[in-house]
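Okay, got some structures for you below.
Look at the two complexes coming up: chain A is in both, with chain B in one and chain C in the other.
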Partner chain A sequence: MIDPLIINTIVYSSILGLSSLSLTLTYLTTKVPNFAQGVFLLLGSYVTFTVAEALKQNPYLSLPVAFLLGGAVALIQYYGVLLPLSTRGGSLVTQMVATLAFSILLYGGLNAYASYLDYVYNVQSRDVTLGFLDYNLGGGIRAVFLVSAVLAAAFILSLYLFLNKTRLGVSVRATVENPSLAESMGINTKLVKTISWFLSGGMASAAGSLYPLQFVFSPTLAYSILLSVFAGSVLGGLMSLFGGFIGGFIEGFIEKYVVTELSIYLSPVIGVSPFVINQYSTLVPLIVVAAVLLIAPNGIMGMRVKR
Partner chain B sequence: MGLASVSSGKILFEGDDITKLPPYKRSRKGLVYVAQTDNVFKTLTVEENFKLSSYDLSEDEYKERIEIVFTLFSQIKDILKRKVYQLSGGQRQMVAVSLALLRKPKILLLDEPTAQLAPKVANEIFKKIIEIRDLTEVGIVLVEQNAKKALEIADNAYLFTSGRVLFKGKPSELLSNPELGRIFLGLGV
Partner chain C sequence: MTVDIPSLILAIVLDFSVYLMVVVSLNVEIGLTGVPNFGRVLAYAGGAFVTGAIPGRILQLVYGVQGDYILNNPSVIAEINYKLLQQPLMALAVLILTLILAGTVGAALGYISSYPALRLREDYLGILLLIAGTSLVVVGITYPPIVGGTVGVQVPAVFNALLGQGPSLYYKISIVLLSFSLAMLILFHLISNSPMGRAFRAVRENEDLVGVLGRDIGVIRGKAMALGGFLAGVAGSLYAFYIGSVYAAAFDNLTWSFNPYLMLVLGGAGTSLGAVLGALVYSTLYHVIDLYKQTLSYYLHFDAVWLQYMLFGLILTLILIIRPQGIVVEKAKPLVKPRSKDEEKSTS
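Our next item is the complex of A and B:
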């Protein structure tokens, strides 16, 4: 029997870690902070909802679908919004605001889709969890616990091998370090950016597809989790992919585990129910970002890299 | 090189119009550029830099090209495993030129290769530029603030101002033209 709090923490932290990693990936290659990252997670969640609840299929079938769909939508964002802006001389701030606009569009679309599911399939598509559709492995453990950990490990391992062992991966690293030099060395940096956007959208949606199997989700998830994703990336230093994952994981650990434990200790002291204190976990991302920027502006990975 | 935007005119390379070609395609055609600053991957080792620059070459081609680099810059053998940010300005510049040479250039574009270098190291670089020309027979386009030094080693000279060619001819003519020399090259008074 594993403590449910630990299961919650591991699932949430893995999802957040992958999302922060995805955010860092496109930030490194195109320098644009993607405010649509939260909606990509939500997209994955609705893929799972569609597959498992509306179509009554195995919920894990949604993983590859969410990955491909998330990647495709990210490419639409890159080719349809960001690339036209940057070729017309749009600044990074313009592009950043454009990601916010794109996220609102996508968010509206998903909300409309949620209402469509409500009416056509007669299911509740907001404020629901799909935990009951997950496989029970016994001992209070459900499949999503293992799948989230394995998915995170698999993505990280494949990304590591891709970046270090393949030519294309090496050219991604070159583009991150110095895009114009990489171009001069014959590297197609536009291809590199295309790949990074696809992978980023894909990974975020795949991670988001696991969320409904453990937690209650609603379209508002897109923006409530966005802060945590950014906090994770900042904590990771915004200059290292694996730092992004670790940052996201730590952020998730603080939000779920530390805050819950803390609320149990604090409750008798200040005379407020632990559930009330737990509501304040949304403050954690803000505190983390502020603390990181004050104490270690380069994040956890910046602490040991001395130049 | 395609990194800056072109407002008018066109660029021909071996008879083809390359004005709209992205930089990486120009580089693959043999037009290789060494920027004035940020011309090496700083966080990587010298060897990793070489691997990146030659990533579209075969193993045999790489060996052949690296020999040329070692012939020109014998010191590079000793610093292959060092990170580039640990190197001196002169060493970095050698690595930057080596990166370009590995790419089998037909034309080598050097943007102020002696900027920010001590005069002694700058002279060393000028000598190497002549050696590169003689050894590899590559065409070199050199943009240089040390105009006098550059004109002494050049075969042809062009004087650009505000995007127009003001002078085109033998370096000796430019050096001996008192007016142009005074205004643009800081020669004499």
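Our next item is the complex of A and C:
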């Protein structure tokens, strides 16, 4: 029997770690913090919802679908919005705003889809969880606990092998280090960026597809979880992929585990119910980011960047 | 289907005035100084929370009204409103004091929230401001003594006392809000043409140059954040007085941070006319779609509110690609007249 809090923490931290990792990936190759990352995550969640609730299929079938869909939407964002903008010399801030504008378009679409499910299939599509559809492995453990941990490990391992053992992976790293030099050495930086955007959207959506199996979700989550994803990336230093994952994981761990434990200890002292203290966990991203920027602006991995 | 034109225009003017104030406050930060403030809601909610928390409590003390301000809020405010109706001067004093206080709180919030990243690159600054944005709202929802938590509080009806009750009240309020927003627009114009405005623009154009010339970009950005925060705080306070209540959960990032930001970008950051156009296009689009909501939802099979989000996102994405400066392009105002091409040729 594992403590439900630990299960919650591991699932949430794995999802957040993968999202921060994918945010860092596009940040490294394109230098733009992507505001649509939260919507990518929710795209995956709604794929799961469609597969499980509307089509009545195995919820885990949504994993590959979500990966491909998220990747495709990220490619649309890169080719349709960011590439034309950067060839016209759009500044960093303009590109950030463009990702925000595109995210509002996606957010509207996502909500419209949720509303459409409501109209057509007559199912509640907001503030729901699909935990009851998950497989029970006994001892209070459900499949999502294992799948989320394995998915995170699998993505990191394959990304590590890809970046270090393949020619394409080396060119990705070269583009991250010095885009203009890489280009002058004959590396196809456009291909590298294409791959990084596809992987980024895909990983975020795949991670998001597991979210409904453990937690309550709703389209509004897109912008609230975005804050945690950003905080995780900043904590990881925005300069190393695995730092991004670790940052996201720590951010999730603080939000779910540390705050809950703290609220249990603090509750008798200040006389407020632990449930109320727990609601302040939404402030964790702010505290983390402010602390990182004040103390160590390069994040936890900033000290030992491989050059 | 008959359309009630006067009430449609009234709704558009009310929304337009409120948004214009927020957009102008953002224009000081984004348009002039180049600080990407993705968390405008912080200072705005600060001003609104001040309005929900302070004037009611002061008037309760002044009039000696019994009862807990949060728990018995409706009855306390009802009694205050009744007494305020006989004292318009008191209402005016409360309005002015609250606006000053809300602006000050907004300025402080704007400065503090940007402090850790004032000297960092724009993307870090933007991420920090984005994350700081909703923090006050979370506290407002969770900690009821400020503005009643999830239940909310009512605000003393100073506009009723000042403008007189009756069917034309909202027309009068719309004129008040419109004049405030135009006053802010004039203030923005003055700032933009002052030495301070030139310093702001210098930071936007070239941070290193400003540093080399011996000015601290952190200080200049801090000033812009405080100034923008002040305007946003006043806007939040006026909005709370106009709505008549403060409900913490209503202050979300999407409505009060992202949409005003995108309105400014749509119209053209850094210009007064751009701010007006952006706010006008958005409020008109919103209310026109709202008008045909029922019909649209019937054909679309989903709530037509989301169509408005999609359209706004699409229009903006296209605008950014085709014309990144927005509809109105800021004219360069160089201090030294650049040499024309013929002169360059003749000297070289």
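Keep in mind that, in the parts below, the second predicted complex is superposed on the first by the 303 of 307 C-alpha atoms of A that agree within 3 Å, B and C clash if a C-alpha of one lies under 4 Å from a C-alpha of the other, contacts with A are read in each partner's own complex, and residues count from 1 in each chain.
We take it that a contact is a pair of C-beta atoms (placed from the backbone, for glycine too) under 8 Å apart; a residue touches a chain by one contact, two chains touch by 3 or more.
Note that the coordinates shown come from a computational prediction; the quantities given were computed from them, not determined experimentally.
K.L.:
Counting only touches as set out at the top, which of chain B and chain C does A:92 meet: first, second, both, neither?
P.N.:
In the superposed model, A:92 contacts chain C only, not chain B.
K.L.:
Who does A:230 touch here: chain B (first), chain C (second), both, or neither?
P.N.:
second
K.L.:
Regarding the shared-chain residue A:12, is it in contact with chain B (first), chain C (second), both, or neither?
P.N.:
In the superposed model, A:12 contacts neither chain B nor chain C.
K.L.:
Counting only touches as set out at the top, which of chain B and chain C does A:178 meet: first, second, both, neither?
P.N.:
The answer is first: A:178 touches chain B but not chain C.
K.L.:
Output check: A:40 vs chain B and chain C. Expected answer is one of first, second, both, neither. What do you get?
P.N.:
neither
K.L.:
Tell me the contact category for A:120 with respect to chain B and chain C: first, second, both or neither.
P.N.:
second
K.L.:
Tell me the contact category for A:198 with respect to chain B and chain C: first, second, both or neither.
P.N.:
Touch status of A:198: no partner.
K.L.:
Touching A:189, do we find chain B (first), chain C (second), both, or neither?
P.N.:
A:189 contacts chain B only, not chain C.
K.L.:
When both complexes are superposed, which of chain B and chain C contacts more residues belonging to chain A?
P.N.:
C
K.L.:
Pick out the shared contact residues on chain A: the ones touching chain B in one complex and chain C in the other.
P.N.:
On chain A, the chain B and chain C contacts do not overlap at all.
K.L.:
In their shared complex, at which residues does chain A touch chain C?
P.N.:
31-33, 35, 80-81, 84-85, 88, 90, 92-94, 96-98, 100-109, 111-113, 115-116, 118-120, 220, 223-224, 226-227, 230-231, 234, 276, 279-280, 282-283, 285-286, 289-290, 293-294, 297
K.L.:
Of all residues in chain C, which touch chain A in the complex?
P.N.:
Chain C residues touching chain A: 30, 34, 36, 38, 116-117, 120-124, 126-128, 130-132, 134-135, 138-139, 141-142, 252-254, 258, 261-262, 265, 300-303, 305-314, 316-317, 320-321, 324.
K.L.:
Help me check something: in the complex, which residues belonging to chain A touch chain B?
P.N.:
Chain A residues touching chain B: 167, 170-171, 174, 177-178, 180-190, 307.
K.L.:
Sort out for me which residues of chain B touch chain A in the complex.
P.N.:
These residues of chain B touch chain A: 1-3, 22-24, 27-28, 32-33, 35, 38-44, 51-53, 55-56, 85, 99, 103.
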